[in-house]
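This structure is in structure tokens; I'll ask about it shortly.
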Amino acid sequence: MLVVMQAQATEEQVRAVCQKIEALGYRAHSMPGAQRTAIGITGNKAEVESGSLEEMPGVQEVIRVTKPYKLVSRDTKPDNTVIKFPNSSASIGGPGLAIIAGPCGIESRDQAFTIAERVARAGAQFFRGGAYKPRTSPYSFQGLGEEGLKIMAEVRDRFGLLIVTEAVDYESLELVDQYADVIQIGARNMQNFSLLKRAGRARKPVLLKRGISAMLEEFLMAAEYIMSEGNYNVVLCERGVRTFADHTRNTLDLSIVPAVQRLSHLPIIVDPSHGTGKRNKVTPLSRAAVAVGADGLIVEVHHDPDRALSDGMQSLYPDQFDALMVQVRQIAAVLGRSIPKGAEAATLATTSTQSTS
Amino acid sequence: MLVVMQAQATEEQVRAVCQKIEALGYRAHSMPGAQRTAIGITGNKAEVESGSLEEMPGVQEVIRVTKPYKLVSRDTKPDNTVIKFPNSSASIGGPGLAIIAGPCGIESRDQAFTIAERVARAGAQFFRGGAYKPRTSPYSFQGLGEEGLKIMAEVRDRFGLLIVTEAVDYESLELVDQYADVIQIGARNMQNFSLLKRAGRARKPVLLKRGISAMLEEFLMAAEYIMSEGNYNVVLCERGVRTFADHTRNTLDLSIVPAVQRLSHLPIIVDPSHGTGKRNKVTPLSRAAVAVGADGLIVEVHHDPDRALSDGMQSLYPDQFDALMVQVRQIAAVLGRSIPKGAEAATLATTSTQSTS
Amino acid sequence: MLVVMQAQATEEQVRAVCQKIEALGYRAHSMPGAQRTAIGITGNKAEVESGSLEEMPGVQEVIRVTKPYKLVSRDTKPDNTVIKFPNSSASIGGPGLAIIAGPCGIESRDQAFTIAERVARAGAQFFRGGAYKPRTSPYSFQGLGEEGLKIMAEVRDRFGLLIVTEAVDYESLELVDQYADVIQIGARNMQNFSLLKRAGRARKPVLLKRGISAMLEEFLMAAEYIMSEGNYNVVLCERGVRTFADHTRNTLDLSIVPAVQRLSHLPIIVDPSHGTGKRNKVTPLSRAAVAVGADGLIVEVHHDPDRALSDGMQSLYPDQFDALMVQVRQIAAVLGRSIPKGAEAATLATTSTQSTS
Amino acid sequence: MLVVMQAQATEEQVRAVCQKIEALGYRAHSMPGAQRTAIGITGNKAEVESGSLEEMPGVQEVIRVTKPYKLVSRDTKPDNTVIKFPNSSASIGGPGLAIIAGPCGIESRDQAFTIAERVARAGAQFFRGGAYKPRTSPYSFQGLGEEGLKIMAEVRDRFGLLIVTEAVDYESLELVDQYADVIQIGARNMQNFSLLKRAGRARKPVLLKRGISAMLEEFLMAAEYIMSEGNYNVVLCERGVRTFADHTRNTLDLSIVPAVQRLSHLPIIVDPSHGTGKRNKVTPLSRAAVAVGADGLIVEVHHDPDRALSDGMQSLYPDQFDALMVQVRQIAAVLGRSIPKGAEAATLATTSTQSTS
């Protein structure tokens, strides 16, 4: 904390502020300057809740300094967190990029399998798909629920893809923890602290999406909530923020990728589908996300987006996803990173055989 | 929905779009203009998920038109909703303004009683106080939980104030529904749809705060979630939105008050404490909120804000609250509205007697 | 300036930063804390351009502290600036509120006179009207130019209203300085520093509108540009900022009124017409602006808004303006302020006589 | 324009709106839907200024449809604009990327030459440097003026670099038009329409920076202002927009690149220096800008940023710029684009000889 005094503040006013700070149990460091005096505060363990300082005579402004995150911070853990998965070569946060693809929502077994086969073949190692959909309207399609989770478990068995899907409350989180490989917490729940704490007690890694107007510090503190309960496997995800701009549904803030990497050891990936909301922007922004240094992508793909029950207008066609993978593979190489072969090498041969049987 | 064609779009392209719309089961209305053709879509029950239209040759833009709210809309219920309370003369949404005041968080019985007495005496009919605090940091004070609810129930008995307090998950909502008079859903949970639906099944009215970057439509749709489960007693609350401006913690958007009143029959109140985050802005913005036509205020008051465990810097001193009430009472009168005498007239005499007993 | 070190920063790194600061000619104040060390910088006359500090090993963040405004600041001039006008009882910044009203653009002598008569009768002391219109499209109506200024000069002679009108470049500023009583600098030109400096050399007071995304500091620094050239008669004007919200054209930020009043001695008024962009929001937000403590209003009024050449949809009808004046007069009284009788008392009698002669 | 009626609107109200539209000289197209009726308006040449429609009984909302740009639009000119320069192989908008580099401000001949040599050697074809600096504070360094322009002209002669520099008013624009190769219009002047029109009468191409909160349409309309005066050589430049996010100075909105390319034939480049405001973010965001498909970069480079008179903290060191060029060259190749050899191949050999003479 730093208290900035007004230019005309008297010495007595400065002294009164210092005494107040000491009375609150902290140490005051007075720094007289050419124009005005600033007073540093140290010795505070937690955040100083001292609005009254701002109201004291002679005070111009109170500036908060200390950053409150602990477990998410590189101060605590200098090395990058790499999240690994049992019985899989996939990882998130290592030199290989994590590619997560699939439909917005799981609509049927057929739909899921059709898309899964295509994204696995193109090189994705993770399959995304919503079973619980947080929709703006209560009258919109809300997802298949546990039925959707079961379909995704079949997708894993069939195509060797790891499953990423969203949980929206305790009940769904318990089921997602059971069926899936990564528990997604959506942007609307980024500050649903009860849910974050519950996710912190889950066994599976958590993919935490940035809230639609979350500042960097809030985003990291949301991850801190999860980690503070014991789950250290958190993946951050930029998915666009809300601004005045109307040429995309959200404004994808790629600068948060290097900003997170400077402050935290956690991996961060990018969602260009929600980040733009328009199919024709997904490919260029996916390239940009890899070029900026993200640890992966989460992309919506649908074979028949016109008939998708949600978010069809931002889903790539499978052919577009194929083309995207070719480009991002090359860009990753420029940064000394790679995109692993994906599920297909490990399992598609086998599963192809199975499918003909 | 409206599809706007490019100026150079051919007649065939226009026809193809119309056919696509019909194939999706809707009706297409072609409107040739001087510069370009626009195509209206009607016949859709729910939102058209037809991103593919935007990708068709010759299409410039697709514009969404239909507003999806039903129960919140004045179309459905032209008269203002007035929320009444059993065994109390207080109401929300009628000609009298609802004044809700109290500390950010309940810290102790003493603290709650000290503040409650002052706000009741000044004319508040409702007492606010958090028992479950959603805090950005997991290491900050999180509230007293059920203990806090019990203290507030005592406040009601002692001072005749109705209790407004926040629920953050199923468990706390059940307890709040039991102990309090109004269930608050906080800004961070405005799109926690599971919680909204649970609140829709509660018996008590719901005070729904606008999310920190919620658009009007999303705000109304969140209320729709509650109402769609059968709870029609919803009070909306503007509490500031996040913008680039840094002279206040949030930017209080008072224009949403007349905007809501035009579209919806639900009452809307204003929270100038969170809306500004600075004590010295609370009084002027409270005056402005009443002047703009809000149905009430929710204001943080603390007798010792330096030692408050949360949000001390935006709490009014009781004396400031007294002065505020004098001003807003006069401004309300200019708009033909009033501020009822509050709890004090009804019960303070009695309770004073009790307190001396 | 304050340099915040990382938690794990070594003593050598702290020392290196201090040495760098001293090498740049400033003084370094090291403040070791429980978690990390912060280093205050004093002795800088102007802003420290020392991005390299942020790049030094062990540095977490550099925080700017010193506020750069001088002439606009209450530090320099504690008393409110009150702007007076020769041969008129009107003023801006005193206990009386300044009411400025008129059409968006001057379209004809008839239009101007029709509207001027109505607003003068309702109590406005100032007449607004654009002769030079900054329009988003080069193909929109751009104003009558000097012809418009001449019409407004006639309005002054006829109705005793002081004239407020916008200048958009050197040439128009010279003419406005000659014909009008207050030179308006529009939101789009708030950081057109050449124009600000030119306005600082004009003889007439300047009405400076806040840029559509200007922070408080930038707004005050724009006024500083004008004052630094010798023109101390600056009126600030809040006119809405751009946010994500779409229920109004801009989001009117009334909290900037008390924020400016805390930091600066300059008067600040509010423009609810541009601030909302919708006629049905102008009256409620005008009431709110007066209630928040603004020193005046600038409101668009048009007798035939359907046929207005610009901004018709945000103009009040004269009858609506009459009703507005009744309400704001009462609200002003609650704050111990008043709205002078306006031009009418002084001159309408006379001019009525003239008009019949 | 589209008028959306309320659900409960009567047939008479619909008819009245249609009659009003016809009375205004347009055609009305009524589209009855399941829930409500929408009325399309066609036949309008310019924007319909018909706010009164919104106020008519039964009207819910009025939605603007027609896009007002003409000359900037791909509707008018389907092929990309490629800007060429006499006596130079450099171009902007063709398959080769335009790389513009140099200091924020020109401080001295030595400084300019030192930096120019490094950026030319690394592959830049254009040299940037401010002679007229729009600064937030009137007390900050405002640039060397014509002296700075002369230094840049020498840089062109010496290193074969084309000169890009900002004009802030008529006077400086005239001089920039005379000395430089590209006239830059800064973000703060994006809606300084007088300056835009003046630039439209200049002989040199114009680099138009996006305003700090400009919407896509406003950005294109600013270009339309320039083109409407006859200068068709306009380069757009994304340089970050203002949002709530505070981890960068501005939020770089890379999605506007494909959005512009869809609507307009004009080239668009990216400024990652102002777009992030932090040196450590410039390289990742430069890579992202090339990956998203931008037509070039404008980057600040300074050999001694600690002592830079402006914006030192966002300037790359020459070595960092060298490394950046290696990476973006490779990423450009992934998109089938290239970065020309720059000034060095053409002239550095010669100039090296000269410099030893």
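Some notes on this structure:
Note that the chains are named A, B, C and D in the order they appear, and that numbering of residues resets to 1 at the start of each chain.
Convention: a residue touches a chain if its C-beta (ideal position, glycine included) is under 8 Å from a C-beta of that chain, and two chains touch if they have at least 3 such contacts.
Computed from a predicted model, the values in this text were never measured in an experiment.
The chain with its Cα centre farthest from the Cα centre of subunit A is C. Centres computed as Cα averages put subunit A at a distance of 40 Å from subunit C.
Chain centres here are Cα averages; for subunit A and subunit B they lie 28 Å apart. Multi-chain contact residues, meaning those touching two or more other chains, occur in subunit C at positions 213, 242-244, 280. In terms of inter-chain touching, the protein chains here all touch one another pairwise. Across the interface of their complex, subunit D is touched by residues 2, 4, 6-8, 29, 31-36, 38, 40, 42-45, 60-61, 63, 65-67, 73-76, 78, 242-244 of subunit B.
Residues 24, 46-47, 49-52, 54-55, 68, 70, 134-140, 168-170, 172, 188-189, 191-195, 197, 212-213, 217-218, 221, 224-225, 228, 242, 278-280, 305-306, 308-315 of subunit D touch subunit C in their complex. For subunit C in complex with subunit B, the touching residues are 213, 215-216, 241, 243-248, 251-259, 262, 275-276, 280-281, 284-285, 287-293, 327, 330-331, 334-335.
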